[in-house]
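Chain IDs A, B, C and D follow the sequence of writing; residue 1 opens each chain.
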Amino acid sequence: MSHNTFGHLFRVTTWGESHGPALGCIVDGCPPGLALDAAFVQSFLDKRRPGTSRFVTQRKEPDQVKVLSGVFEDDRTDGPVTTGTPISLMIENVDQRSKDYSEIRDRYRPGHADYTYDQKYGVRDYRGGGRSSARETAARVAAGAVARRVLGDEIVIRGAVVQIGPHMIDPENWDWDETANNPFWCPDADMAKVWETFLDETRKSGSSAGAIVEVQASGVPAGWGAPVYGKLDSELAGAMMSINAAKGVEIGAGFAAAGFSGEENADEMRMGNDGVRFLSNNNGGVAGGLSTGQDVVVRVAIKPTSSILTETRSVTRDGEEVDVRTKGRHDPCVGIRAVPVAEAMLACVLADAKLRHRGQIGS
Amino acid sequence: MSHNTFGHLFRVTTWGESHGPALGCIVDGCPPGLALDAAFVQSFLDKRRPGTSRFVTQRKEPDQVKVLSGVFEDDRTDGPVTTGTPISLMIENVDQRSKDYSEIRDRYRPGHADYTYDQKYGVRDYRGGGRSSARETAARVAAGAVARRVLGDEIVIRGAVVQIGPHMIDPENWDWDETANNPFWCPDADMAKVWETFLDETRKSGSSAGAIVEVQASGVPAGWGAPVYGKLDSELAGAMMSINAAKGVEIGAGFAAAGFSGEENADEMRMGNDGVRFLSNNNGGVAGGLSTGQDVVVRVAIKPTSSILTETRSVTRDGEEVDVRTKGRHDPCVGIRAVPVAEAMLACVLADAKLRHRGQIGS
Amino acid sequence: MSHNTFGHLFRVTTWGESHGPALGCIVDGCPPGLALDAAFVQSFLDKRRPGTSRFVTQRKEPDQVKVLSGVFEDDRTDGPVTTGTPISLMIENVDQRSKDYSEIRDRYRPGHADYTYDQKYGVRDYRGGGRSSARETAARVAAGAVARRVLGDEIVIRGAVVQIGPHMIDPENWDWDETANNPFWCPDADMAKVWETFLDETRKSGSSAGAIVEVQASGVPAGWGAPVYGKLDSELAGAMMSINAAKGVEIGAGFAAAGFSGEENADEMRMGNDGVRFLSNNNGGVAGGLSTGQDVVVRVAIKPTSSILTETRSVTRDGEEVDVRTKGRHDPCVGIRAVPVAEAMLACVLADAKLRHRGQIGS
Amino acid sequence: MSHNTFGHLFRVTTWGESHGPALGCIVDGCPPGLALDAAFVQSFLDKRRPGTSRFVTQRKEPDQVKVLSGVFEDDRTDGPVTTGTPISLMIENVDQRSKDYSEIRDRYRPGHADYTYDQKYGVRDYRGGGRSSARETAARVAAGAVARRVLGDEIVIRGAVVQIGPHMIDPENWDWDETANNPFWCPDADMAKVWETFLDETRKSGSSAGAIVEVQASGVPAGWGAPVYGKLDSELAGAMMSINAAKGVEIGAGFAAAGFSGEENADEMRMGNDGVRFLSNNNGGVAGGLSTGQDVVVRVAIKPTSSILTETRSVTRDGEEVDVRTKGRHDPCVGIRAVPVAEAMLACVLADAKLRHRGQIGS
């Protein structure tokens, strides 16, 4: 992870500002011969697209992706396939209402990157947060689609929201199919109703709410990852924490493991039909930095959207004290749209781990 | 972070197994002219050394560090200084009781890396966990000492244990001086007594306990970090999650922020004597991936030591079901010795951020 | 240098195929506040553009660059300036005559990457050489323009052709101004005439010629570079050898130094008005991998264009023996257009060295 | 290539100064299960060892290597094998006569890194050149031994000296076996005699001579390398130019190709018994940055040893003009001992290319 690039063999570089002409990514190191067209990438972008419900930003961005390089359709191939060269994916910005932001040009919105970008760079594109905008995550989702092709169909990556504000789902109610039935990716039908009420209130009051996202990958074989600094969980933690508004990452039992005894935490093993079978998954599918063959389970804490209508105390670029209200079209709970983003990051980290694993080990 | 190296300009590569002849690290990219001798490095290693109390492993390792390269003492200098070339630090292993481990040669200890290393590599040094042993963290602590020299005295890095098992400190009681008065790095004198009783029971029963470590850096100027994938918090998350037994990382309010409203979470700003003053630090000193100038605050969840005397169900290398007890000399709560390690990782990440910042920005 | 990215702090990633919709680059890690607009980048692209004389390819590509991100024009700034975020530069392909290439779809052109790409990837975009086309170098030239901004006006980077086919310039005649007076970047007016005749014959016969390009940077301060594997000359060698058709790189006296005695080769030193003055520059401005403060001098050997009209023996994808003639619009001497490319690579390597130097050293 | 590390998946980090206690390397990313013991590594170090003839430095260094980590000998294995963890190799310095260098503490030896190190770092270990000493190359040779294990026996790497001073071998006389019969790695028996006379004179006069080294790898399959900045020839150029005293690198016909016509340069293809057969190898086994399956052929120009007894004009650290004679025990032609070093760099680059290739491609 270096500036705007992450990954080692499967490498993703993203670019673009919220209110520039476009944004995009370069995916480098992708294996050749994988089916890839714009429609496949688009299917994931559509999950993250703004304006799909009243609980997300009302900015109207079709987020149509173009594939500018790295694929080729030949007579020998059945549709475009990757060629092993860099894949350039671009999404044009359409609905930039830059005027909405003119008044915060010189005012630092608390919780945003306004102040820190100015401190670092001395100049910043303040329109929509510029580079620090969550629009950047569209590029991650596009890259994640490519990563899924690298992983193949055996590895299934899914995500859900497990907490919004103080309201946590009941894990007993977990039903993956349910995530498609509500606008929150909520796997607990009862909780989805609670969230609807809660977020409507939040939205109407101009406030915002935090959330916890959980993503899982099943089908990952044992042994992926590279100790001791390229550990799979270390890579996942870095990748997830790079998502806008992320403030915490945990694997498996995570922070709860701190309260466990060694006996409670032990993922005991027995022989199953296909080899080793674990009796629990407190480790979240990673032990010693390497995948165990169990589901990889990662949770990410997303802070409430910093853009709120309530006045908050702040300062200007010139050191004057002011009160700031952030108008514009914001997500009342940015954690919702973080689901496809966290899925994408999980896919990218695993794709990179797969390639590095077979680089060192040979298969 | 790539295999056994981390950092970009300030780069640390570690090597060595628990029961090999030695372990160590190479610190590359260090600025020249910084005072550095073995005694300074040793002072940090002594904080992590085994055998200092009954609550840590009783393995007797003096952990004496040798500085093999990268420093030079000339007439022009007052003691050895760094030369800008790679600094090689080596610690010889002394007290390897390899026989203790012979019986687990073919048995996979639940929660350990035994199974995953075998799955990945097909061969493993099972003695004391080999490369996956927490002994590797001695090399991190040595590197962290160099990082502190890079950061200078204005940046103060400190750590504490804030939870052991289910027992959490009271933040109101926080007193940094107190961390030196008990064997737990506990900043809450009352809680230290609770932990003493709790860990004595844990230890006597052959069990183990998890913990949460908190590390802080004060004096970090605003603007360090490099969005969007080299974010300071992203680098910190990756670095901390690479510590043995870490299962979660959070910055500032962390997972608690998921339950906050936007108003509760906002770190409002006012002008202070030295520029901007924040009215809270939910962001943990990082916004938009860049340091804010506030204290950088990171917490790491450490799972209970996997080595316990209680029998746990497992399998052998050959697929036989067995029950495993892990004898040997283990930490009942490995989170305690994780404090100097997490401090070292924080120091290394910040030293790297400092060098990268001035690389791009110029000062 | 990794796949399609090079540089450490000043990092360039390029993408695009010869006959795809566009090509471009992302320049990451650029310092903020540098004036940068499309016109400045364009001025360098125009030096490399096809169709400027009868001695280069007749493909008609305007090579108009768009700046898609990483710059911002604010009231506070006088024209667009870099913001420190990734700079995305894109050039659309206009004049793709893909049909010209249909017949070499299954035939391997000797000297081209056709065979090796097929061997590696199993699929390739054969149109115009796909990713292996020299069109990719347009992206390097665009990145080089940004690098020049990083270096500032004190560092002057210039290039020339010093040999075409067997005809070498006379160094005694070297006149930088002359390079603008002929279509070869030839600094020797007499030799330019010889080349004109020689290349006209080459061109008419459907053949091609090799060349040697020399690039120089003046104004580089002493101390840039990072021994021992990030040596300035090592970085330069890697960068130059990555240029299409490059087969050799030398610094200063280069291969001639192999024939020198120690006395002949020594760059003796005396004191000048501004500090140390060297009496010769056999080292080409680099000693011990670090810049000496003298001109950095690099020469690159460029093989003759592999696309020739003469039939050459080859094979098909299916293992049939065939004779191949390469129609299309090719450079009779690709070394000519390599001048702005080599200049760009020199600029990029130096910009990266500058940032890394001040990262480690502090100024 | 970054500071003191090179390689991507097969990564080598070296450390140590000429007159420090030891030097060494860490080889990270090595595949597991490869036979590796100190004796195997030693066999390559012995080829580079000082004092083996009167034509190399008379410093007495046994250069005994210790393997400190990364290998394990288990009952299941027949001798130590690599475990996939970092391999730490260390060579202790024995014969440091530091007093020899006291007089050049403040004097800059022309052609050495003395001046540039001081300019960069402000402090330097002047004893024997410190980090810039060619002793560092012992660590490369040790790493190269590991690389050979990664490549296996099918890939044969060999080197020779093809020119010393102005005296070039006759390629017609090339006999690999001959390289073992003379102290120059000379493949031309007649030329070996010429060199003996020439170097005796050079040595007695206190002068030194340059050289050209050629290294070859046979058995490399087609397709290794990673366009466009990780090209195999680009990696080789960077690696070779990082060798002490290297001033030029060429692949295949190299600089001679600049004088060729397209017809002369074309490596035509026909079908052979095992697939494609090339009728020449001007490309030196690399086309489009990927291996062709032919022998990889690289030549490196090595400048004459800068340490000579003749007085040369120089300056002191304090800006006084002085004349410098370099006593000490130096190689009259450092190019000779560069052969095993260039072989090692070729092995390391290929090992890395092999791992990266199968990472992306899968086999």
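Criterion: a contact is a pair of C-beta atoms (placed from the backbone, for glycine too) under 8 Å apart; a residue touches a chain by one contact, two chains touch by 3 or more.
Quick caveat: nothing in here was measured; it's all calculated off a predicted structure.
A count of contacting C-beta pairs for A-D and for C-D identifies C-D as the more extensively joined pair.
When each chain is reduced to the average of its Cα atoms, C sits farthest from subunit B. Averaged C-alpha coordinates give centres for subunit C and subunit D that are 27 Å from one another. Computed centre separation for the pair subunit A/subunit D is 45 angstrom, with centres defined by C-alpha atoms.
For subunit A, the set of residues that touch two or more other chains comprises 2-5, 8, 14, 29, 32, 84-85, 120-121, 131, 226-227, 361. Those residues of subunit D whose C-beta lies close enough to touch subunit C in the complex are 1-6, 8, 14, 108, 110-113, 115-117, 119-121, 131-132, 136, 163, 165-166, 202, 207-212, 222-231, 233-242, 246-255, 257-271, 275-276, 279, 282-284, 287-293, 301-308, 310, 312-315, 319-321, 335, 357, 361. Of all residues in subunit C, only 8-9, 29-32, 84-85, 226-227, 355-356, 358-363 touch subunit B in the complex they form. Residues of subunit D touching subunit B in their complex: 2-5, 11, 13-17, 20-24, 26, 28-29, 32-33, 66, 68-70, 72, 74, 76-77, 81, 83-88, 105, 120-125, 130-131.
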